[in-house]
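Each of the next two complexes has chain A plus one more chain, namely chain B in the first and chain C in the second.
Right after this comes the complex of A and B.
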């Protein structure tokens, strides 16, 4: 196991004042550069001396990507450096996007939410301890997944979406943003690109060493929320071992468009069961045109876990996912 | 440039984990340089059109060079090889897609193809047609001298397969078998319905060398495929390429390039020292 040390390996520290400067530095350093937002993911890596970048680009002074503003088409534009507390407590977020406010408010502890940023929460690396211990697993460029072996401790790992690696995406806000159909704005030296939140996350089948589309030199700058839908119902639930402070075991986020007592449209997303937030397309298709009832929820839960495969210690996640998806349909308000 | 990727395993041992991906570009560059240098230095051989009429006596206009089975093997191996190389190396150079399932299924198809080839060679063909013997060595020496402009002597006619084709076959065979054997073992490390996962079948170091051998063979095949495609499209070799499509060569090509004494076909009067098939 990696040993936490007090001394972080030396690096060049840059504190750019704008996105352009930050992107230029990231482009200059490429793989050798490291973007520092809230530091909650970063300093574990640094103190364990597993990540040893040549340069750290601290975004603390980049005010242009901090804060919440009205976006076009009646939506909201949230800077990636906005703290999770600011997101959770913002009046517009609470009134128009309670799903996101709830998700941001359930991240870790108040201290961590004060320091952590929305962008950092979205792009944080997986918490698989085999990987975080610095062992040469697939995700670290090696040729084995220690978490999927016969004697592995894999209670927190995935039940679907695995491809050699069985780590899960730990973000609480990611499933909410996918359910809200948010867009991620990414800046790089070649310009700005926008991704639908559902396309922002990548599985190990596509790239086993990354969790998002971000490549060296790419900076997530803004999260754009579309105008809230009239009469939309939502549901968010995060299951964790300790309510005070923990990563999720399974998280569900759903947005239902209900008219005349019938589901017209739905977006159901489950996280921490796969290396990326899983949008339950089959569930969404099955519940359209049905009442958001116990029966519909039951059916949705069964569909949600079709094809799920438990590892040695995480078969409980199948039942948990089934029940959370059921609740997310039945209890959406 | 490094040759191996190494890492510390959980027990603190420094083990290889695979071949360096820099070697992909090395193989591509070496292949490209080989093609350019060869194209510039070796002029295409113009057919003289002169044949010994006595040798032509009794020969049909078209002579079969490759059976349907041999051609089927060649093209199925080509398809699976391209699928394997694309799925192996495109993701490494940044063209990303879900490649693992396609890769191992293509690998299984390649194994089936190779098994068929081995059966076909031993049951239907003459194994020794691909064997390099003393005459091939002599043919190779004279051919090399002629190519380098050190000799005006004509390159002697070959048996069924010229010595350069035989050498390519053997090198490709070693690389393919290396990739196949290590690939079968690596299937124990991934989720598939043919073999159960058994990550701890070998030590970390042994697994590492298996990955290294797989990588070296795969990267070697990049160079071999470049060279093979290059020769297949060179003007003076295209008749061979066509024969791999339609199965036959015409009588003049046969007499011009092949020694009837070493490759006897139906209708030929020569039988002595024939290599068969």
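Right after this comes the complex of A and C.
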């Protein structure tokens, strides 16, 4: 059968007004249903006719999961349908969670941030171009990874966390939310569940066809941020080929709790080097009790890339990860 | 006196429509009963169609017809590209088209068609094709020969001798020489030698090449996106197999061409012929995905240069070898590249060798300074390397080698019409403060190292012998008929100013007529080679002088006296010294119509092109009509030079480069429209920087399939990737051999920006030239860290 791209195939459109209705529709359609938030990931799939769901459940009218509110215990509660612009420009996010404001503000372009949602940015699919071109790879239900074959073009792919699939998680906000110890609230017909952000993302060793814990029928509704920590320093940097409308080559997000010039606690998270945002536990442990200096950063960087394995074209990601982790400690402010 | 229009900023007549969204592009037109077409693209990089089963598609309700390659007029030459093909030569090559009542049905019908393809050998890398036993991109060969493609293979020893990082150089297909390079190398004080790669990149105009066609009474009406309106009729007529008189080409706006839409693009044949076949108008909307395949691309080079210098910086020998990635249907960039190199450096001795090799990648065409941008970006960093070895300042070494007015061009060493190159270099150097900035070279702050660099880029910028056509109508306005297209450069307006200035007429009294060949448009240049400004200021100047003559003659007949007693200014022809004794333009138009004959198109100058004669005949009786051929002569090649200077900061921990300042200066003759000139220059500079910095055209080598099919993967630069306020200046000295003094500007800025960036990055790396594009942050970081390179030095399509 010949292939047509850039032309959305017909589907049934549902526009529920509440989470309950949305979840009911998701149950009704199961694998044949597709949840639409901002559409930035969705419409690429639809235009290429690679994903052709029977029904699209558009969350645009589900107002109860849009907006930013005070959470319990001095935290913040962000609806999954809140636009990335609203997140990046919100006064409380900027003052209390500048790491998240920075991450959201570096997504793509102003137009995409106006349309794209925080929830959508978190649960977006990988951008591996073999997979996105509709090739029948592991992640698409096939039995090969084209991106790791001998002559494959894999500059943007994994240096760790691979298991058959070498695609990376492209989200800018995901590593920030892991570093902030955020929680993800998920609704389904069987009730509401909450996941620590670090546990929300899954690698191919757990499920090769998904990027998160969400299964059909599950809807990410809210992102809950705990109260900001005292004396926290943060760092976020996204390396990309262009300064706008680009996915990251490597992104680092770190939170350091520094007292008396010494790191008391840390979260160091790197994205776009694995199929999920990588929380660098060994780095966090190693820098505890040390000054956030060049030397500590250097050590942290070396630890961060221990065990990293380059594919044919992405050895640079090892050096880049090492250097960004170093900076995220040395230059955290 | 009316204010002289040339040299001032104006709002072009298409501006409001563009910024308010009222401008209608090809895709915005609809016709009664219009059907929609969709293309079936080849899923393989090289294949032969064994059979096609369209039965399921044809049985679908709403399907109106299917067009196959065999139904199109055969291209005249073996390598000429047709709109459809039964031997697709690249992945994405259109095989057939389906028309249906709507696009959804057409798409479903394409999906229902079964094509049985025989896979054929394919090749992406020219060097792979030149190896013994390597695949040929075409069944008839891999390089152009005298009678069509032929096969060229180099012995293994050529490759073994070169090793992995040096260009193998076997037998070339093209070669020329000036003097004796080998002898000159023997006497050179410094010799530098590099293998250099320039990537192929797709054009990515904002407007894809959508087109809509319908037929009325045997005439083909085609709405399309084209750089050149009048000159598009001929190619479209050939595509449809009809006479040129039977084509009406409509294209008022062109959303970017960059050389990919010069005069009729092959895909126009699909709606033209399919519409005739099904008896209904046909709209073919080309998507971004399809544009990536059929939207043309710049030819890439794998090259090698060995350059000898005297101790004072004078280039005594240039030995150049270029292997060109010609795509499936060929390109001539490589040959232009050799010529352009002479316009930069005037080497005392030179040898040029080249091999253009077909590959199974999308078709190439001119892309803004084809060949020129590549060679400038490739050679300028090598010249910098020599300057460092010689201890000669990098601005100085360019001045030492730049041509003056007595300079020469190419293998025939013909003259230029003018060359204020050193003046442009000095002007740019002052604007940028080269003296001060070069002290910053290598300065490190934190993790950021400063680099400064510059690029000098020449390119062809004019032609002659076209026609101008002016009508003064009873509304009293001067109507300037423009056969040229509106490709976004303002040239439809700017070249008209040559006529209004000759007539000493206020710009508000000028009406520009363009974009529809039924509006009687004169013979014009194609909008390519940056010819338009030069060629059509001349043609409109000639027509303006003819109009002055007619006005004087008419006034003498109407009011007495002799023609020489009369002057023309401010919309009147009047007796010298007595403005009241004369005719307004409105009156002149009425009298011209009443008198007929030569005043209103009844007699037509013999030396006009047939197209112009037809246009004049069509306008006859509508006003005072002046048409004239540009007979001013052109004693040499018309060239423009742009010098761009860049300051960058390289982050040594990430490989990222930020451009902190850009300044450009040009010798493009007289400045017609300062704001537009700055926009053209800066836009070209940015486009060039994109090729060096972020833009890519990645293919999977195993399957021969491109991945950078969308803007976000192809990564042309965005506005945040360049400084917000690039600076610009022009020498503004008239070319003495053209009446208005203006030369073109469209193309040379590209190589200048690209080279300035490459040189500045090399400078930040302590003079280390990686000598390839793209030069992305991963490559830079790998080099700085001493880690394995992401790609081989000769790799293409990364």
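Just so we're on the same page, the second predicted complex is superposed on the first by the 326 of 333 C-alpha atoms of A that agree within 3 Å, B and C clash if a C-alpha of one lies under 4 Å from a C-alpha of the other, contacts with A are read in each partner's own complex, and residues count from 1 in each chain.
Please note the rule applied: contacts are C-beta pairs under 8 Å (C-beta built on N, C-alpha and C of every residue); 3 or more make two chains touch, one makes a residue touch a chain.
Nothing here was measured: the structure is a model prediction, and the numbers come from that model.
On the shared subunit chain A, the superposed partners chain B and chain C are arranged side by side without overlap.
Of the two partner chains placed by superposition, only chain C is touched by A:10; chain B is not. Of the two partner chains, chain B is the only one that A:136 touches; chain C does not reach it. With both structures placed on the common chain, the touch criterion links A:246 to chain C but leaves chain B unconnected. Look at A:323: by the touch rule set out above, it reaches chain C but stays clear of chain B.
Between chain B and chain C, it is C that contacts the larger number of residues in chain A.
Applying the stated contact rule after C-alpha superposition, one finds that A:149 touches each of chain B and chain C.
Using the contact criterion defined above for the overlaid structures, shared-chain residue A:205 touches chain B, although it does not reach chain C. Of the two partner chains placed by the overlay, neither chain B nor chain C lies in contact with A:295. An angle of 110 degrees, to the nearest 10, separates chain B from chain C at the C-alpha centre of chain A in the overlay. When the two complexes are overlaid on their common chain A, residue A:314 makes contact with chain C while staying clear of chain B. Following the chain A superposition, chain B and chain C show a smallest Cα-Cα distance of 6 angstrom. Common to the chain B and chain C interfaces on chain A are residues 133, 146, 149-150.
On the chain A side of its complex with chain B, the touching residues are 133-136, 140-146, 148-150, 162-164, 202-203, 205-207.
Put simply, chain C touches chain A in their complex at residues 38, 40-41, 43, 103-104, 107, 110-115, 287-290, 447, 653-656, 693-694, 698-702, 705, 707, 711-713, 715, 717-721, 776-779, 781-782, 785, 787-788, 790-791, 798. By the touch criterion stated above, chain A contacts chain C in their complex at residues 1-7, 9-10, 48-49, 129-130, 133, 146, 149-153, 155, 239, 241-247, 249, 310, 313-320, 323-324, 326-327.
Within the complex formed with chain A, the chain B residues making contact are 5, 7-10, 15, 17-18, 91, 96-100, 189-191, 197, 199-200, 204, 207-208, 211.
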